[in-house]
């Protein structure tokens, strides 16, 4: 009953709203960087006090880059999607819930990476990204199955390329999740590496034979 | 005096601005999740300390899902509306005021669900959603009365379907409000159930013979 | 050198960016509402503890309504403007600076309305709105002078109507500013009255013979 | 394979998303302005207590104006760009990372401008802007090299004018960075002067023979 034109506009709104959530979640991360007060700075000076916050600085960088990559993936997916329905909206809502949640595990891993709770914190951090990657895959599988929500101009080769590319995320974050129990630092470092690599260079994922993300 | 094209654009701006408020309110909810410090974690470990925050985690989930449902409803309504006037803007402003307010009752119910103030907190939580549902109904009644602000393509059956669907919200949240005085936990749980059901499955509202929300 | 079409698009971006700032400033206001902890609630109960926060609740309402009115005015103005230049951007930047500043005097007046600093706090609160109203008037005077930045379809009667309407703001907030030194509560109450009246009913400004705001 | 129209739309999304990040970062700055509590205000009164916060107030103004200038530059650049690719997205992501980071050095310089850590704080503050200016230059050089990502309507004179104009930023912030080690106050004041001048008057940069920024 709705002409194609109106449905495209619906997708536009879904994207604009999702973009807002992505942008705000990325910007809120800075609120966890704490300015050391004069009394808290010892003889090493301010620079040393700031470097003492390195887990938070690195977690900020890793989370920023990861949300950026998720945003690029989200847009890439929605460029191929013309129709929406309830189930797709449900999955998108779940993705946004996880995106807004990211600042919490970020602060958690930064606070506990150097104490006895490092394993739990690193596992929750990697687990959040595993969940994000899984929901992104679910959204794409659902939309692409039988060409359900795709535009008519999307061909099978494009669908296959995206499907293959998306598949690496859950596998790699599962490794990061497992690593958390062996070495929290290694797990956290692996998450950072994945985010920076995906966002910026793409060389690691090319080892898996995947093409670079194109927005 | 204004051609239809320009009025449509006005509605577009109203929506974009409202979308911003909805997206930010949803994302700010995460700021109330507190990272337990090392000294605050007892022998049960970090995971136990986090589960001890369950009221906040559940309130976060419930409020996120409720704002998401309100956003879907808001968009659904505005798809049928072509014109705006002062009264409609007044009602939309009132809706946005309540949307930005949601993080406060969310933190309130999370902080007091397990102490002697649970009834008051749960009643304020359910009462906020009752107010949101009432304002949404008011907006629709006002816009639809005598086809006041609707586009000419909207027919009576569509108006009736939305009217019936919107009517369940105030009734159900009134039940949640009343429940707060008998059992705060039940009231809070009912709000969560409503949000998750509306956002994700729609099975409960179908008991009332209502169709699922379509964006 | 630039065709009219491209300049309209520039105005669109300016508005979208400004909308974002307005929406975020409105939503951040809720962060100053504090949830009373269990130990802070005395025998009067949670509801009494919340009502004890009335200056913050009312300041929240007043500031929300005022930013909403400023947003409506901003949009109304930009509907008539087709061109931008450096000076107009400078004035818009100044307006946005004041909009993002609003949460600060809001928290200030809420914290000090009942202590010996009430006069200073109320004067800063009213003074911020005076500055906002003045910058809005400056933007319009600059744009309308000699039809400088207006679209060709805007006629002299429309310009005159907006000019007259905008003129009431600085006058009324100057009264609120002066009132702060006589009675901080009266000044604060007057600001609230103005915001609610402008946002919602328009009856007070009609006493001055002004038409209602139309978005 | 992608028609020009679709690529323009991609740039539009990139801009809308970037706009969101700029707007949020600018608005979050206000969260660092602290309301002095009654007990913290001495006999000098509230106004004196607020003026005692002058480093934060000035840092707020300087950072707001600087992000505004960066936003104007970002838009100006993207008006000339029609195509995007991975490297350009990488650079834009880096720019947004630095934009979201600005509230941190802002709070840092405000907290330490009057203690023994002033040099470090002022150097980090100026250094952040140096990095922002460098990334903006990198984006433009990359896009403009061999007309790589530019629209076909952009001519060599326009490219040259922007290139010359952008070049002043890194030079001036390098001076501010160096000044931090001689006089932190002078460095901070120079950053403020640059931001206010670029945002509002453009007279200083005209000394260098550069035309004013045009949005």
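Per-chain numbering from 1; labels A, B, C and D assigned in written order.
The criterion applied here is as follows: a residue touches a chain if its C-beta (ideal position, glycine included) is under 8 Å from a C-beta of that chain, and two chains touch if they have at least 3 such contacts.
Bear in mind the structure is a predicted one, so any value in this text is a computation, not a measurement.
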Touching both chain A and chain D (chains): none
Copy-to-copy rotation for chain C and chain D - C-alpha atoms, rounded to a multiple of 5°: 90
Chain whose Cα centroid lies at the greatest distance from that of chain C: A
Residue-number overlap at the chain A/chain B interface, same or different (half cut): different
Cα-centroid distance, chain B relative to chain C, in whole angstrom: 26
Where chain A and chain C are represented by their mean Cα positions, the distance between them in whole Å: 37
Chain B, residues touching no fewer than two other chains: 16, 20, 24, 28, 31
Chain pairs in mutual contact under the definition given at the outset: A-B, A-D, B-C, C-D
Of all residues in chain B, those that touch chain C in their complex: 10, 13-14, 16-17, 20-21, 24-25, 28, 31, 84, 86, 89-90, 93, 96-97, 100-101, 103-104, 107-108, 111-112, 115, 117, 120-121, 124
Contacting residues of chain B [partner chain A, same complex]: 15-16, 19-20, 22-24, 26-31, 33, 35, 37-38, 41, 45-47, 50, 61, 64-65, 68, 71-72, 75, 199-200, 202, 212-215
